[in-house]
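By written order: A, B, C, D and E. Residues from 1 in each chain.
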Amino acid sequence: MGQFTQFAINGLMSGAIYALIAVGIVSVYKATKVVNFAHGYLIMFGAYFYFTFAVIIPGQEWAPEWLASWKPSWMLEMRKGLGMFSPLGAVLDWMANIPRILLGLVGAVSCNAILGRVVERTLMRPLMGQSVFAMIMVTVGLISILSGSASLIWTADAAFVPHIAPNTPIRFELFGTMIFLFGADIVNMLIALLIFGGIVTMVKFTKAGIAIRATAEDQSTAYSMGISVPKVFSNAWVLASTTGAVAGAILATRNGISPSLGLFGFSVLAIVLMGGLDSYVGCFIAAMSVGVLEAMTQWKMGGEWAAIVPYVAVLVVIIFRPHGLMGQKEVERI
Amino acid sequence: MLSVSDLHLSFGGIKALRGVNFEAKKGEITGVIGPNGAGKTSLFNAISGFYTPHKGRIHFNNADITGISPDKRASLGMARTFQNIALFRGMTVLDNIKLGGHTRLNTGLFSALKYFGSARKEELELRRDIEERVIDFLEIDHIRKYPITMLSYGLQKRVELARALAMRPSVLLLDEPVAGMNREETADMARFILDVQEQYGTTILLVEHDMHMVMDICSHIVVLNFGQQIASGTPTEVAKNPAVIEAYLGVAA
Amino acid sequence: MINGNLKADYSADERILNNRNKQFFVYGSMFFLTLFPVFADDYAVLMACKMGILLIAVIGVNVLTGYTGLISLGHGAFIAIGAYSTVIFSNLFDGLPTGILPFVVVPLAISVSAIIGIIVGLPSLRVKGLYLAVATLAASFIVKFLIEQDLFSPWTGGIVGIDTPVPNILGWELDTKREMYVLITVLAICTMLAAQNLFRTRVGRAFIAIRDRDYSAEILGISLLRYKLMSFAISAGYCGLSGALGAYFYARILPDQFGLNLSLELVAALIVGGMGRTLGPFFGVIIIMLVPELIKISMSSATGGSLDWARYTAPVQEIVFGLLLVFFLLKEPLGINQITDRMLRAINRWPFARG
Amino acid sequence: MLTIENIEVSYYHTVQALRGLSLEVPQGKIVTLLGTNGAGKTTTLKAASNLLKLENGEVGEGHIHFDGQNIKNIAPDVLVKNGLFHVREGRRIFSEMTVEDNLIAASYALDGRGIKVDFDKVYAFFPRLQERRKQIAGYLSGGEQQMLAFGRAMIARPKLILMDEPSLGLAPKFVKEIFDTIKRLNTEDGTSILVVEQNAGVAFSVADFGYIMENGQIVLEGDVEALKNDKDIQSFYLGIPEDGSEGRQSFRDVKHYKRRKRWLS
Amino acid sequence: MTFNRREFLATGAAATAAIGTPMILKAQAKEYVLGASLPLTGPFATAGQLVAPAFSLAQKLFNDEGGIAGIPIRFVTEDSGYVPQNTLANYQRVLATEGNSLVAYFSDSTGAMKLIAPELKGDNARLMGSTSFASELADPATHPYQYLSGPTYQDQFDILMQNIKLAGGSKIAIIYSNTEFGRDPLEHGRAKAAELGLEIVLEETTKPQGADIPTHVTKLAQSGAEHCILHGYVTGVWPQLIGGARQFGLPVQFHGTFWGMEKLIADRITAEAGPFLAGYQGVMPYRYFYDRDDAPRYQQYAALSKAMFAGTPLENYMSTWALQAMCGLELAMKALRATAEAGNELTADNVAENLSGISDWDSGGFFGGPVSMTNNKIGTGRVYEYSPETKLFTPSSDWLST
């Protein structure tokens, strides 16, 4: 039981990050009807931008010293005598990193926003009105472009990035088993859930949300209502790429940074389809259940089996519910 | 020939059909009229098998076909056209019409891959049949190699009729064959429909908004409103029916 | 000059090569392919073999995606199934005379691929477009995963791969690339012709009908169940054949060869070449295989083979691959086939009109 | 108000839909555009509201001026803000949103114009909509959906409304009601209206001026009164027999030779 | 098609005749070519890019020494992206373009070695070294042309486990990447552990990149292992795993194998995340480059590096990975030169025979003493331990042979 709880919590934590990634795919789909196969690669760019602003730039000679490591005297005082991995020590070590973490996040979010806008302008806008197939394949082409560019820009150097939150270990006993949790993971989960909730509220209850929903339902009619559809499109892409940047930063701290981060996009795509492409709630449920299922598989069957959990799950769901758990059924006009 | 009894159909909470009963008599033209949303197209879709009614039965040639799939109904001799033209835009007129012959051919996968032999013979036979029996009949020989997109609306409607005829149907369902045509085009289409009935003795079921045409060429009319059958009878009977006037025609007609 | 296309009977009108240009092009290409191994060097033969193997698979994907309109992003898995079946059956029927083994093994490999194709195709009855794309993607991940599992490694070799047999056709052992070239080219031409034949009959027409408007196909008596699955079976079978040839061509196969990249390459070649066109796969495969090679050669000669620059080659190739795909989708959605058609038409009409 | 001069429109660079079409909508008038399906009526409206690009169509030659301004490079949403509102064929309400949200969506047309959005006016015009304010629009009846479509147009305070087949699919007896509303919009707010119709009879009952189009071209134009008396119009659009006899000719009596003559041309 | 049968047969015969014509004309080579594939991109690009300069260095060094019997050598080095089929394609390309001038090849992964192995037949065979220490390759019967420039991964596991046993450990965990390279010594490791009486309490497989660190660490924590062997990684995953474990204060002793023992990576981690690698141990076949007091060959390399890479970080340090490549090339050159000096053609068979005959070779620094090729490998190594203070790996065992 204790073990179960441990892995359930682990699953929920990764589920929340899946949800954060999924929100980008769903938002872009809702607004533009494009399913972004390359979303994972936007996230990878977010991760690399975070790395650039949180590690590379503070490490430059011209960068002020406090940027790389902010250590006022009172902090050094407190740090003295604490073990390397003591809880307070971890918090203090994190605080020293705050300037570069902030720079990293701001840099990642703004660069990714620009990237999202550029992608939307150059590749997606000409696609308005094209077939589903063309849309899918353009994003598939985008995968190659993004992943190639990433390896051109960031040489494949081993990279380590600072955690967004203090990574204090949390240990407690439950049902006779020791439960281990990372502080940073819990904060990451909260960040992911807050962003997710914020976006859903925005779409449900604001006038901007009405524009998105109207565009989702009928692009050209939305246009003829005076809603600037291109603006909605580009906002959706910016929304996706900025949430992707946060997700990328989190993934970079959690799993290490590498071009293979892009592959996350595919499992999340499976999750999104499982939940129903246009349903935030469905995707949330799917993300959380896949997260938990994956953790359980990891526990019982080992790492490599966990990798195919989202794919098996989506196939099972699609066979019984062709439009996902909560997806809108497309009404066919005959 | 084709009969529908106590047909009920609903989507979610919306009831599209509520107890429709009628029979299309062999060799005659039966019309279905009613305002949009009355369930005419839903009725057609139920007859051709896209929707499964949740109550009621459909009989065709004395066999119950309620549960079988659209393609099986086609091989039993049922053909139809669509309100929004449903031709295959990636093919020429000829290929579109050839598709009408699908159920009559037997070529399987492996002989198709080889092509020589039986498959080739069968294809050439089909081509001859279509040229002589359909293309000539509907006077579309000059456009047989055109892609569909190059044809005018009226011609597209005619090609769709040609495709249905290539199936050699015993019953033909026409969904708004003259919608959006001017009076002259309508007259032409009406003529073709009458010719088909005369020459092949095909049973025809027709949904149409053009009251004049329906009144003129149908021998029996069914009126639907909100999924309910509010009247049925000969054109004159229906035109006088107060319920029909109230719900559909209004005083102006 | 405008060439008259006078036909005396229906059979002449129904031929594939129904005009001079087409005849010239096809016979010319075949002549070239026959002479190719005589003057080409080892490396060119090697590339030609690889192209032939990929071509067969792309023709298969064309049947499914180009003609039937069902999107698959997972056909690499069927190539894997074909390749692994070839190895597994060859090992299984060890006792048979080697000269006839391929005649047993390859049809079996194709059948296994086709059957699994039908299973993977089952969701296509309920889901379309995007959902199908992801379903096939998921299926291909799962197939690759299963091949890698320790559980099946006695047959598949697991993640470390497995050695493949040398094909022996009635005593002719094809142990050089040039000999394989002959086999691959002959099979590639046959499969292309077979695919073209398909579209002269009701089967192929039914596929196109399903692509253009599935409900309207249904009322014409085309069973969606039967034909969608048939399309999946054909395309998977083609990929199975391609995999079998791949297994014979390479001395060893690894699961990694059949990953996502392969599946995407298949679709990309199709898009670049021209979807739903007979020669589309042919043009597409040439571009998809040659362009990276040209980039590599030109980059390495431009930088004098410097190692410092070598690491930029792969990313550039990747970016160009993506750009090609995007370019064709946005600017020339009907692929190179469309460009060649335009050129042919222009030649045909010259000097009267352009376009 | 709206001038269309000699425009050519093609889809996917190949299919030509309009060939040199010109028409004009004067300030404060109702103009009707009649024609059969596939003649290019809807394409004309989409060209005027710049929605063609969304469907791979483009205006090749010719100009369209709205309020004295060439609309070529004006985005559709800006056109709406400038006062040109397009009520699409088949109503095209947002069926998953509530009635109120539908109206709010239309209020985007007022952004940056300094006009306060006035829902009450719509509700006063169509009291039925007020009753159903919180309902999902998809569950409204056909007539109510048409009201909502008009309501959205009113919210946007347009100078010109393009109306695409408002009578489509409504029972004959509702058609009259709808056209009364159109007339009311025109007289009460002074809005110019271009209404595309197949049903010539009702269109003529409210319009000042009419155009007849076939195959992407205008074949006839003039005052409604003049059109009503045109022999061809009477025969093709109003169903009055050519010989001028009382009653209508039955379709059963149409002769073969006539049909052949037409299709051979 | 309008071919008739007779024409068809005639064409076929002509084509077959053309194909059968022997096209390879043996000419005296003006230079010898050594080909190589390196992962300059992809997951192990860091390693590939650190190894690449070694090839320029080797070309200079060996040509300065007179090439192979007076004939100069040239390297053709290409990127593989750590994709075995790319390495195979590179090999086939260089084979097709260079023909008989190609005398040896250096490949870049276990997967590639195994993929190419069956291709090495007849005229297509060349001597082939690699970055891999895969156990299956150390078998002249099945892989006559491929060799290892050190101990197999199995040997490395043996050495580690013996060392763990000596340190009194009993419960071990093995965490490995889900790659061919990661899985290589697994089965052997299980047998060895059983033999030594060590209990394997956790076998965990991870992605080679971007692994789900918290979950893996949790499992490690709950397994109660005292020692943990990390295998199948190069630059990523293993440092994060150790970091995660340290944060929980797990008292686990971590052990690495050759590819996880690079000083540059350990130094970078220390600079980035603190001194948590303290006490990290692992098995290493060669001396570290800074330990060159009694290693004359290393001193030659150092002098050359200083000249060739002045101003770059490579000026004063050669990574262990580059050393592995150098060792492989030294072995290949030794065999090639011996063959040429004996007046034999440089066919794969001749060279391989000379290679397997290498015994009591004084490598001039790589190994503790003279070594011999047995089963196409050199089964020796020792355990080193990292210290974040000195930033050096220092020996914690003697040279061990298997």
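Convention: contacts are C-beta pairs under 8 Å (C-beta built on N, C-alpha and C of every residue); 3 or more make two chains touch, one makes a residue touch a chain.
No experiment lies behind these values; they were computed from the predicted model shown.
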{"item": "Intersection of the contact lists for chain C and chain D", "value": "A, B"}
{"item": "Centroid comparison with chain A (C-alpha atoms), farthest chain", "value": "B"}
{"item": "Chain closest to the middle, measuring from C-alpha centroids that were averaged per chain", "value": "C"}
{"item": "Label of the chain whose CA centroid is most distant from the centroid of chain C", "value": "D"}
{"item": "Length of the line joining the C-alpha centres of chain A and chain E, rounded to whole Å", "value": "36"}
{"item": "Averaged-CA centre spacing for the pair chain D and chain B, given as whole angstrom", "value": "30"}
{"item": "For chain B paired with chain E, centre-to-centre distance based on mean C-alpha positions, whole Å", "value": "73"}
{"item": "Per-residue overlap in chain B, given as positions that touch at least 2 other chains", "value": "50, 82, 86"}
{"item": "Residue list for chain D, restricted to those that touch at least two other chains", "value": "none"}
{"item": "Chain E: positions in contact with at least two other chains", "value": "41-42, 45, 49, 178"}
{"item": "List of chain C residues in touch with chain B within their complex", "value": "10-11, 13-14, 194-195, 197-198, 200-206, 208-209, 211-213, 215-225, 230, 234, 276"}
{"item": "Interface residues, chain C side, partner chain A - complex", "value": "65, 71, 73, 122-123, 126-127, 129-131, 133-135, 137-139, 141-142, 145, 148-149, 215, 260, 264, 267-268, 271, 311-312, 314-319, 321-326, 329-330, 333"}
{"item": "Complex contacts: residues of chain A adjacent to chain C", "value": "35, 123, 126-127, 130, 132-134, 136-138, 140-149, 151-152, 155, 266, 269-270, 273, 277, 304, 307-308, 310-312, 314-315, 318-319, 322-323, 332, 334"}
{"item": "List of chain B residues in touch with chain C within their complex", "value": "48-50, 69-75, 78-80, 82, 86-91, 95, 98-103, 105, 107-109, 111-115, 119-120, 122-124, 127-128, 131, 163, 167"}
{"item": "Chain A - residues contacting chain D, complex", "value": "128-130, 207, 210-211, 213-214, 217-230, 328"}
